[in-house]
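Structure, as structure tokens:
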Amino acid sequence: MTDKDRQTISPVPRPAGEEEDLLRIWATPKGWRLPTAVNNTVIGLLYLGAAFLFFVLAGILALIMRTQLAVPGNDFVNQDLYNQLFTMHGTTMMFLFAVPAMEALGVLLLPQMLAARDLPFPRLSAFAVWAYIVGGSVFFLTIFFDLAPQGGWFMYPPLTLTEFQPGDNADFWLLGIGFIEISAIAGAIEIIVGVFRTRPPGMSLDKLPIFGWAMLIFAGMIMVAFPAVILATMLLEIERAFDWPFFTAELGGDPLLWQHLFWFFGHPEVYIIFLPAAGLVSMIVPTIARKPLVGYNLIVVAIAATGFFSFGLWVHHMFTTGIPALSLAFFSAASMAVAIPSGIQFFSWIATFAASNRKIQFTTPSLFVLGMLAIFLIGGLTGVMVAMVPFNWQAHDTYFIVAHMHYVLVGGMVFPLFAGFYYWVPILAKRQLSERLGRWAFWLMFIGFNVAFLPMHFTGLLGMPRRVWTYSEAMGWGPLNLVSTLGAFTIAAGVLVFIVDLARNFRVGEGGKDNPFGAGTLEFLPQDVYSTRSIPHVSSRYPLWDDPDLPRAVAAGEHYLPNAPTGGRETLITSPIHARPQYVIQMPGPSWSHVLAAVFTAAFFLLLTVKLVTPALICGALAILSCLVWVWGIDKGPDKGPIDIGGGLHLPVYVTGPMAHGWWAMIVLMIVAGSLFFAYLFSYLYLWTVSPDAWHAGRPYLPGALRPFLSALLLISSAGMIWGARHRLKIPGHRSLVSAGFILLAALFAGTGLGLEFQGHWGQGLRPQSSSYAAMVYLGIILSAQIMLAILIMCFYCIARILAGKLDRIRVASLENTSLLLYYLVGQALLGLLLIHGFPRIMGPLA
Amino acid sequence: MTPPRSPVKFLLYGALSLSGILAWAGHFGLAYGVQHLVCQSALIPANLWHVILAAATGLFIACIGLVFWNIRSRNVFRDPDGDVSQFYTYVTLTLLAVSLFGILLTAIAGFMIPVCGSLR
Amino acid sequence: MSIDITLTWRRLFGAIGVAALLGLGVALLVAWSGLYNVAASRGHPAWLNWFLELGMRNSVEANAPRLPSPDLTEPGLIALGAAHFQTGCAPCHGGPDQAVNPIYQGMLPEPPKLGDAVGHWSDSELHWIIKHGLQYAGMPGWAAPHRDDEIWALVAFLRALPDLTESEFRHLAAGNGSVTPVTVKQLVSGSATSLAMTTCTKCHETDLAPPVSDKIPRLAGQPRPFLLRALQEYRADARQSGIMEPIAAEIPEALLADVAAYYADLEPRPHPPPAFKGNPKRGREIALYGDPDNRVAACQACHSSAAKPDYPRLAGQSASYMTARLQHWKIGHESKTPLDALMANAMGKLSDEQIDDVVAWYASRPIEGEPP
Amino acid sequence: MSAGRGLAGLGMALFLIACQGQQSALSGGGAESDRTLALTVLLGVGGAIIFLLVAGALLVALRGPRRWRSFLSAHTLVVHGGITFPAVVLSLLMIYSFAVLRAGPVPESGPDKPSHVIRVEGLQWWWRVTYLQPDGSEIETANEIRIPVGEPVRLELISADVIHSLWIPAYAGKLDMIPGHTNTLTLLASEPGTVRGQCAEYCGGAHALMALSVTAMLPPSYERWLAGQAEPSQPGETTGHRAFLSAGCGGCHTIRGSPARGRVGPDLTHLASRPSLGAGTLENDAAGLARWLDDHHQVKPDNLMPDYDFLTASEQAEIVTYLSELE
């Protein structure tokens, strides 16, 4: 960018007091109000800190297990505790550490990389974090009360049904998962809208930092993968609580349905964890080499391809279930295909190192990156091995898999995370971490890791299965296990050194005053609570390398939005492809409402788990109330005119329709709901193929054809009603009671339509406990009913806003979101009617 | 300043650039689904399996070829910002190639291994 | 000079805190000083009576779960309840044939006449009160908290109580025991046969009569070690029964073996065609071979005459009794003896239907040694 | 590179140990495991070579001569190293693995049913093994499988409760036992010997203590052994026999030829001929039996047999004597 261009953005010097305004508006709440904070740096650090705490805790569990396994016939812990330990270790590492840590990085770094003031929905991420912290802590505490689940982190039924796990233990697992489901989906919304809409002007998609691409695909994968596990956990909890036979073979269910759903989530989960970490590496390697990433486009291809191919792998966790060899072969083939994108990234990093003109410095971040390359390479190669069906039959469920999986996850995620932490500390903290301690931490972890896990490949091939708490001396696994245990404690020593480093040197504060590694991306611009002073115009992938003067210019306020023209928190929304400025959003600040909503949501699930239904319902109602309070003040409407952001641009502060960021968030939510329904369709058809008899026996219970038509008619009219409500709204200042009436009718019609459908089956005497067919019929209704509940609340919310004069023809966001969800519901319910009433009728004659 | 636009173009670009990968997903889902039906229910006779697989593979490869040719020969991602259209073209074509590989692997599996039976 | 009395949150919470501390202090002071007179003879002032009554009534209503009650008009159930009531409840509450013993009249609060009081409570509430007792009223909880079935017998009796005459009650409570009035000579000489708690024949069979109801097990012909073990376990609270545990506790230890011997040697009497609802044919399969799919062991392995003598024989046993026992294990409770645990394990996942079947088979078989 | 040599040495040493391991996937000894072993060696060696190549490229990229580095920094390297090379190698590997997959089970010549069919049922936490005879009769044992050498044996795998997985590494990879499913696995042992197998799918509580032994015998001795198993036991009216029955053991266990015919626990007809107690947990001798009877919940926590520690010492001793005579 030339000097001439820059002057056209915002005139300097800036008026006095602007920076003070920004500091005041974006100030982090102090003292006991700290929990109300929503700044992405505060929330992100909290998120990362909690995730790291769970990493340490789950690591301690691993040490206890390693101690038990150090020698044959040990009795350091008993069978019952050991079974809880490995379940908690896996669950905590996967759900309470890995995914949240990656989300945390997204929350923490994305806005800084995009030079946005904050995430588009700051309270949403804060809500997710608090729900996760409260719920995760309670979940973890169960280990101290002998209440921890002991079904393994994969929780296969029938072992996890009440018959074999009668206590609340398994329910606590379902609870722990519930929180991560909530926070993951909230994070996905945040990240997708953030990456597409809050980029700085000029940062078209081809200039997006690789980490942004990784987080985008990460969020996209969450949208598709998590609904599968949401459905699976729903099925399991319903079967545990109410005996609906989804997994009970005698009544037409199938234990394999759980495995399909769980691994349809579980395998992509591994890539959900790996992709952002690989994104980190792609950010750090160019900085180490001081050269642009070689093959940026190819890496984007690799990330996208990984995201998709990873959904074709799930059965490779099921190679030993006895399903046809060809099914295995398909998934074996997809497992081959997914190796290619990893190869691309690997060679891209090698090429970038090779392109460097300088001698590569082995700083702590570089060491962790190189450690990652070595470890992940081995993990990838053993991954190809276990993708081979015959080899898998031997290696599956042995310590070979334990070794492989840790090489992939520790190499693919933990080492990059440490690299990333050392690399980005300068923008989070007042001072750097110690290089000396960092090296100690690295070498201890690296050597310890290989000592612990390399021998496990052999332990597994020598016949040691996973999840065994003891083994006899005659098996000959003793020496290898002892070596592994020593390695595990060496890793722990490395982590301890890191903690010491944190304690001695890590002081949270606004950093970013310098750029110690000489990075080229925007997060190393000068920062304060408001992020960067002004939002730069970007014209390359490494703006800081192209324009050494950029930090000064940005800090001087020479770029976009150097002030707070609306007097509150705000950031710039740009177009999704080219990042052209579109409008400015006014963002909510600190508040207790979302914190309370999170706490009550957590309390709701916890109380349900221990079967205190009444207090749970009260907490649920309070959670909804808190949410309503939270959103009531957000939709400020076009209360400020077009504002000047610099560069001759005058942008609106309020838009609705497809351009609005809220509309985008709603679409993401609908895709999530759609994935959930898709998982339901899959389950329905899957169980039909497994036990067509149950469908045949259920055929006489199908209500007459008139009833579904009536339901459909009601649903369609409900959509018409809400459309009418939208069009009968009046201009600002006038309240449209007609619209309010239409909204009420819409809710009534949709609710009646669903009620009619339920009553039809119930009236015929079909009971969900009787067969898998019946259970699936009612599950379909439940899936629509829960959306209906949300719509009902939203409808009353809209009516209240009309009556309060806060909903009119212009300020229409709440009604718009309600109608979007209602349209979606109508679509889903119609599809459901077609399936439930049509499918048995078509299949009846064939059978 | 360009006026704000609706996200239609964005969606089109998105779908088009992912067409290869979507084709792979479609082929994979079709192969796995049909095979499941052949083996688990008598809905599709086993002797049709290879015909269906060959047809599906041919169809999807043809689709990929069509998209490839279209993007290559005409400047589908017409865009004032040359970098963006170049980026889209590169990503789309490479994804098509990688997906083609994925589809071929699936087809090889389908032709090498008998449709049902666990072979154990 | 002006006083600032603006109410702030801080002041409000402060005031509440200070008040709470003061209240706590006063209460401690009263307890420590001994100013409050706890003599039962003083009675409660009216306001306190009202307050305690209110608390008790609402507490019972709030805490008693709404349970599905069995058929409370079943004569066997009422008879069982009557037998226990006469010696277990009437001393405090009085009954149709006796006034409240003056010793218990001095209790505070005075135990209510149950004929009048039961009308105020629902079945579930009565069940709850009997099961858990009442704090501050001297009402004890049931000796065997898991035996809901026994408690229902008492509820059934209480429901019948208001309409009972003295002699009806006497016959009901006496069961197989004698209801001839005591003579003066018997009374003064200590050989009175008035029905004591330990009178087994109130419920169990005699050489002339079968047990008073189907709820009562048939003891005649059971092996001596089994009967003795049962009595000892009742005494030790290791076998759960709110009716039998107090009785076993009252029998002198030296006599336990004799009681066991008495019933072991008692000639089993022919009994009327047993009432059961299951299918004896299916039951036979379970009894002989078990149901491996549901981890049900073969019953006959332990309950035939070839088994160890401290295992009970089940042939000809009362159906209703066996069902209650099996349901008791099925609900699940902490086993206090190895044999109890063994049985809980051995019955596996026996379904309700299977319980009926296996009970039907055993109930339909003749007792060994029973005249045909 | 000396570390690499050290590793290779260690690998060789382990390999030698592995060949003798009774539960090793590296020993081979059956048709399927031999095929898999060849694939394992190929994958292991090939993986090591690729690791060395890529690690070498990385080292060169970091510290190599300028000319080599500029070669490595080219965009075409990313294309060929990241796409072409893996695509070729992986395709070949996949085709080879499919060929291995196709080779199983045993050439399907002649009748579709192998002459030896054994039903293995997984239960928490032991194995019920039933030999299905051509005449329709069944011979039941537990926690031990015997197969004839050189003849294909079909195992029918089912589960009574939760998911288990049968893994006999010396003969074949693992295969799950899933409620509602019957999976079949064909074993073909190449030489006589006894190996160990173990449950590989976590099945709750005592999963770690759910093993079994598998013995491959020459066909004539196999037939002899099977005929012996088919016979009822000849216990005689000993005091131990009476103690066993009167304590109620027959409620769960069958001893053919006696009134004990429970089917909840393992068939004990020829208990003394089996190699272990408690599914590979204890030695099968008098001491092991006594320990099991008195203390089995310590030996194998959570196992579903009730406690019999209330039996008197003499009762226990009588039962132990009786059981150890059930050849």
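Think of it as A, B, C and D in the order they're written, each chain with its own count starting at 1.
As a working rule, a residue touches a chain if its C-beta (ideal position, glycine included) is under 8 Å from a C-beta of that chain, and two chains touch if they have at least 3 such contacts.
Source: prediction; values computed, not measured.
**Q** Out of A-B and B-D, which chain pair has the most contact pairs?
**A** When the contacts at A-B and B-D are counted, A-B has more.
**Q** In terms of CA centroid distance, which chain is the most far removed from chain B?
**A** Chain centre farthest from chain B's centre: C.
**Q** Quick check: how many Å separate the C-alpha centres of chain A and chain B?
**A** The computed centroid separation for chain A versus chain B comes out at 27 Å.
**Q** When the centre of a chain is set as the mean of its C-alpha atoms, what distance in Å lies between chain B and chain D?
**A** Distance between chain centres, rounded to whole Å: 42 Å.
**Q** Between chain B and chain C, what distance separates the C-alpha centroids? Give it in angstrom.
**A** Chain B and chain C have C-alpha centres separated by 73 Å.
**Q** Centre to centre, by mean C-alpha position, how many angstrom separate chain A and chain C?
**A** 56
**Q** Which chain A residues sit where two or more other chains touch them?
**A** Answer for chain A, listing residues that touch two or more other chains: 298, 322, 325, 329, 332-333, 336, 340.
**Q** Enumerate the residues of chain B that touch no fewer than two other chains.
**A** In chain B, 98, 101, 105, 108-109, 112-114, 118-120 touch at least two other chains.
**Q** By the touch definition up top, name every chain pair that qualifies.
**A** Listed by label, chains in contact pair as A-B, A-D, B-D, C-D.
**Q** For the complex, which residues does chain A have touching chain D?
**A** Contact set of chain A toward chain D: 78-80, 83, 150-152, 156, 158-159, 164-165, 249-250, 253-256, 294-295, 298, 302, 320-322, 325, 328-329, 332-333, 336, 339-340, 343-348, 350-355, 360, 370, 373-374, 377-378, 381-382, 384-385, 388-398, 454, 458, 460-463, 465-471, 474-476, 480.
**Q** Under the touch definition given earlier, write down the residues of chain D that touch chain C in their complex.
**A** 160, 245-252, 259-264, 304-310
**Q** Give the list of chain B residues in touch with chain D in this complex.
**A** Residues of chain B touching chain D: 97-98, 101, 105, 108-109, 112-114, 118-120.
**Q** Per the contact definition, I'd like the list of chain A residues that touch chain B in the complex.
**A** Interface residues on the chain A side: 196, 204-207, 297-298, 300-301, 304-305, 308-309, 311-312, 322-327, 329-330, 332-334, 336-337, 340-341, 575-578, 580-583, 648-649, 655, 657-659, 664, 689-690, 692, 846.
**Q** Residues of chain D touching chain A in their complex?
**A** Residues in contact with chain A: 7, 11, 14, 17-18, 21-26, 32-33, 35-36, 39-40, 43-44, 47, 50-51, 54-55, 57-58, 60-64, 68-75, 77-79, 81-83, 85-87, 90-91, 93-94, 97-98, 100-101, 104, 124, 157, 161-163, 165, 167, 169, 172-176, 178-181, 183-184, 196, 198-209, 301-302.
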